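In the two assemblies presented below, subunit A is common to both, partnered first by subunit B and then by subunit C.
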Partner chain A sequence: MATIALRRLVKRFGSTVAVDDVSLDIPHGKLVCLLGPSGCGKTTTLRMIAGLEQPTSGEILFDGAPVSNVPPQRRGIGMVFQNYALFTHMTTYDNLAFGLRIRGEPRETVDGEVRRMAEVLELTAVLDHPAARLDLSTMQRVALGRTLITRPRVLLLDEPLNNIRPGLREMLRAELRRLQLDLNQTAVYVTHDQEEALSLADQVIIMARGKVEQIGSPDGVYRRPRNRFVAAFVGSPTMNFLPCEVTSRDGEPHLAGPGFVIPAGRRPDLGPRGRLIVLGIRPEGVRLGEGPVSAVVMLIQPAGADQIIELAVGDHRLRALIRPSLRLTIGQQVALDFPSDELHLFDAATGEALDG
Partner chain B sequence: MAEIALRDVAKRYGRIEAVRGLSFDVRSGELVCLLGPPGMGKTTTLRLIAGLERPDRGEILIDGQSVAGQEPGQRDIAMVFEDLALYPHMEGFDNIAHPLRLRRMPIEEIRRKVDHVADLLGIPHLLERLPHTFSGGEQQRVAIARAIVREPKILLLDQPLSNLDAKVREVMIGELRHLQQRTRQTTIYATHDYEEAMALGDRILVLREGTADQIGTPEEVYARPATTLAATITGSPPMNLIPCRFSGGLAMADGFTISAPGAEGEGFLGIRPEEVRLGEGIPAVVDLVQPLGRKKIVEVTVGRVRLKVTAGPEFAGQRGDTTAVAFGPSIVRIYGADGRLSATRATGPPFQRGGTMG
Partner chain C sequence: MRGLLPLVRWVAAVAVAAVVLMPVVWAVSISFKPPAEWAAHPPRLVPEEPTLANYQVLFQVGNPVGVVAEMTRTAEPVTRAFITSLIVAPLATAASVAIGFFAAYAVSRYQVGGPMLPFLALTTRMFPPVAFAVPLLVYYRMLGLIDTRLGLALMYTGFTVAFPLWMIKGFIDSVPRHVEEAAILDGASRWRVLFTITLPLVKGGVAAALLFVFILNWTEFLFALIFTSRHAITLPVQVSYYAGAVGRFYGPQAALGIVASLPVVIAGYVIQRHLVRGFTFGLVK
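Presenting the complex of A and B:
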């Protein structure tokens, strides 16, 4: 087991900067997710931790010691990829045993470890089955078990659940998290799926264009996004954004948006009247029924436990998440409120969050 | 605009019965979603309607007329596949115009129609660009524009969003819904994703092994899934199905018992994660907490049964903590051993521990 530290890590491919000055700490026993759209540098970062890519500059430390001269196979890492390659001609048992046999572990040790891992991953019943005959979820568990059995100091996972159908994916995600918690396994997990990152991670690292945009707990990045990028990337349905101007009414700070004026709440950081800001509000934060904002229902999407309503506010569209029992019709006029404790405010020019 | 009817349609490939006696109707202007896991006959059903396959048995009617003798080209159907293929050497305009040019339509009319669908799908900026410069979502929009530009009687969509990122998919679902409301195009949409089916379908048909498990509005299918498959393919997380023995007005699960009048024998209690309340009722152990921003998915063990529960973001429990769960007064669904819904009941709170399975 290990702690990992990245210090001012940079990776260039020709004139492209794939990873741009990334520093972070991965504590022992924690699962950290690198989250971002494709091309954000998350996989390159993972590959540098693995030793499959050399950093252009900066340092990677395992337990405080630099690993730049340590080849991949001696870093004590285990990797699981999106396209996990099992030895399909071998049985589940032999796949699990492979890493230990290569190391020359005694037969009894190998047998004991394989059976223990099979027990944990519920693979005991298929130990004798050839890997080619296993279903996808079982293959994924074998791939995971084969990696975990070697007791890696760090487990690196690159979108390992991508090819698995929805439903099964959520099940495997839960299994993976349970296993990681039980084994206290340090792990770095790369994904573009914000739901996956939030549900799995102790800590989420959101990346864009090679840079770290925010590091925080799943709750932290959801509730206090540091900028518009993070605010829009994390959460589903996506946060709504409306342009506003700081104003005042009866001496209290207010926000004037398209066709409405609402109280801004206690915000010492709001700045002078006339400042342009972007108001962000999550779909579940929009209140329907009463309020200073008038809107027209444009679209109603049933979503099982909720309904997603698309609303027109002036020329802007926003979405609200409401109870499925509420009956609305398209074209209906509704009043909305944006409660001040649900507001996220961003500087219109920089996109940075105002510190509330 | 057209109505579609399938009457006892069957199709077999060698030893595999892909479609087995399937009957359903699609009304004019309606969008019906075929929802089912992979391998349940969704694509085969679309291909049969399109005329790309011949049924072994049964009848397909379009506007009341059998289409058995018609080639695909005569059926006036457009189809968009999961792996769509745009012509890589043609700009957006020419890709969309292609089906009209094949019909030798005058150029002014082509221009008018292409501009119209490009507006509908929000893609006027793609008309003069080549497909390799399009994002995944843009490619899908162009493919759909090409399919609807000639105003086919029927549009068939086979998992058109399954290769897109979650964020792009979210946007596309909203756009397709808008499009459908404006065009009222008769459409059959195959998917394994319940969110797409719920958001887009006027009605949902749950397909299992080539037959219809249920057909109903999204609200009906979600509230009263007719089978355990319909129950578990809808919802995120899906419905909890608790194996029980029903006897004397009780449902006895592995480690707890609740009231469930009217059912007898072996089966399952079906309870949606958002219908379980945490913090009251019978003791349970928190097994896993998965935050999702606006809610948390909490897995708990009650007796020896593992349940998924939707909790608010304020839920502070962690793996290993004790809590409690209650089901009342929500509706529970009772499924027989055959997986079919046999009753829906309001439950009382779980009142007795230590019940065991039969």
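Presenting the complex of A and C:
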């Protein structure tokens, strides 16, 4: 068993607050992604879990027991670093064997484990190669193997696939996930790539400026973003935002945007007339053809299975993801609809989602 | 035109080598010349009557005859100075590089002593060394370190330690912190990390520092001259003894110079393999 709990964790470097009052629980056997833009405190959080940084305040619990006084060597942590941090003066074999040798395991045990791990990660052919001469994806697997071989209670991964070229990245990602599921390994995965987080994680923790913005399942953070930041950060292409005002028509609540009025659907939390709201709609939620919103096609970007259309609505730009069979020309007038179940509404001042 | 370039390169290389090696070649030549040819005009590179007398004089083996034997009777055999140099220089070099390595690690990883410390360490090299001689002479007298091998070794350690500190610090700075952290998370202690991870990764820098400091210590003249008189004279001082009031004994002097340079040549040869490896065995950025 290995569960991690962070309680009101704070880390300051001088006057900058890197991690600001973070509390979260990581259940056993789950892969949790810390997702956020660079500088959001995700790596610092990871390093505090590892014990490489001391929290300024707050507590870290492993299986319910505080670990503040446990040095990193004895936390049972395995960590894969962004640049793999291989021991470049050693061979693949010696890299894999390092942790076991430190533990004073007998030669035969070390040899057996190394060969077994090399088998699993397909490193047998490069066991005698110097680590400095391996290609990046192989290095990544060596780093992973070196970490897993000591059977860590918790596996920490700091943007481990950053340096891998796209096609291979998806493959390694799937491989990693399979391995994690097979081992039932508790893992914390740091990334700034929302697509990676959504495809990999059991649970996504979105951070910004040192704070946790939202915790949820990949589906949850995509469908029900708690605020504008999460809404904009998760999903690609990015969600469109339009300023709106609450109004009513025929006694039904409506939203008045730049040049359009649309029904707001049944929302008890909409607030009084005249309230300023930001309407969010994902490009894949925009319907083209008929509707109350008129727009002009500004740009057409084919994207394989879809095409991304950039549209002007009043002074605002928004993007729509549509079927490639739909032929459009630049400058063409089109009608749009924003179906009410595709709408995300945020308070204009706070950026918090209304639908709570 | 293409075919010319290698030729031009070859000529340039030979020219540079000739300039650099000329003094060495000349010293070798003199060391095999009898006294009459030492300063003969016009100078000849190849001795007319080659002799081993100059070398015999140094170690006082056999019975050198003639003028050389007569002239150098006053000088002591070089064996003692040789032994002194062979003790003092390696000892001081090892101490200096060891201290420099730990200091470099402390400065690079923990900013020990603040940002000014590495600079302050260099101040020992900013004055003419002789400025330190008089105060040190006083202390050395009180401590009984004058004319001792230990005294010299201590002094050489102190005066050279800034070099390995700076040279190795650059190498340690370039070892990614993550590499050490990875080893720590694998269970290694700080010391273990230092010796099994960091040291092997910076061994090119350590090798360079060893060679550099060894050459400094091996050839140091001023302090050796001032702080030793009889028991702990070193080779460079001994070399100077062949230019005395009676005249200049170029032959034995050249012979001693050649003999004295051999340990450095050997040390350089042994270390050079690591120097190259240190620079080419790259790390992942």
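The rule is short, and it goes like this: the second predicted complex is superposed on the first by the 344 of 356 C-alpha atoms of A that agree within 3 Å, B and C clash if a C-alpha of one lies under 4 Å from a C-alpha of the other, contacts with A are read in each partner's own complex, and residues count from 1 in each chain.
Basically, a residue touches a chain if its C-beta (ideal position, glycine included) is under 8 Å from a C-beta of that chain, and two chains touch if they have at least 3 such contacts.
Here the structure is a predicted model, which means the values were calculated and not measured.
Enquirer: On subunit A, do subunit B and subunit C fit together or clash when superposed?
Expert: In the superposition, subunit B and subunit C stay clear of each other.
Enquirer: State whether A:F81 touches subunit B only (first), subunit C only (second), both chains, or neither.
Expert: It touches subunit C, and subunit B stays clear.
Enquirer: Examine A:E342 and indicate which partner it touches, taking first as subunit B and second as subunit C; both and neither are also allowed.
Expert: It touches nothing on subunit B or subunit C.
Enquirer: Is the number of subunit A residues in contact higher for subunit B or for subunit C?
Expert: B
Enquirer: For the superposed three-chain arrangement, provide the angle subunit B-subunit A-subunit C between C-alpha centres, rounded in steps of 10 degrees.
Expert: 80
Enquirer: After superposition on the shared chain, which partner residues are touched by A:E105: those of subunit B (first), subunit C (second), both, or neither?
Expert: neither
Enquirer: So in the superposed three-chain picture, is A:D20 touching just subunit B, just subunit C, both, or none of them (first/second/both/neither)?
Expert: neither
Enquirer: With the two structures laid over each other on chain A, which partner does A:P218 touch: subunit B (first), subunit C (second), both, or neither?
Expert: The answer is first: A:P218 touches subunit B but not subunit C.
Enquirer: Between subunit B (first) and subunit C (second), which, if any, makes contact with A:P37: first, second, both or neither?
Expert: Once the two structures are laid over each other on A, A:P37 reaches subunit B alone.
Enquirer: Who does A:D202 touch here: subunit B (first), subunit C (second), both, or neither?
Expert: The answer is neither, since A:D202 touches no partner chain.
Enquirer: Once the shared chain is lined up, is A:H89 touching subunit B (first), subunit C (second), both, or neither of them?
Expert: So A:H89 only meets subunit C here.
Enquirer: Now for A:E59: first (subunit B), second (subunit C), both, or neither, which partner does it touch?
Expert: A:E59 contacts neither subunit B nor subunit C.
Enquirer: Please state the minimum Cα-Cα separation between subunit B and subunit C in the superposed model, rounded to the nearest whole Å.
Expert: Superposed on chain A, the two chains' closest C-alpha atoms are separated by 15 Å.
Enquirer: Touching subunit B and also subunit C: which subunit A residues?
Expert: Shared contact residues on subunit A (touching subunit B in one complex, subunit C in the other): none at all.
Enquirer: Can you check the complex and tell me which residues of subunit C touch subunit A?
Expert: Touch residues, subunit C against subunit A: 176, 178-179, 181-189, 192, 197, 200-201, 281-285.
Enquirer: Tell me, which parts of subunit A touch subunit B in their complex?
Expert: Going through subunit A, the ones touching subunit B are 37-38, 165-167, 170, 173-174, 177-178, 181, 192-195, 198-200, 218-219, 222-223, 233-238, 282, 284, 298-299, 301-305, 308, 310, 319, 321, 324, 330.
Enquirer: Flag every residue of subunit B that touches subunit A in the complex, lowest number first.
Expert: Those in contact with subunit A are residues 37-38, 165-167, 170, 173-174, 177-178, 181, 192-195, 198-199, 218-219, 222, 232-238, 272-274, 287-288, 290-294, 297, 299, 310, 313, 319.
Enquirer: For subunit A, which residues are in contact with subunit C within the complex?
Expert: Counting only subunit A, the residues touching subunit C are 50, 52, 72-74, 77-79, 81-89, 98-99, 102-103, 132, 139, 143, 146-147, 150.
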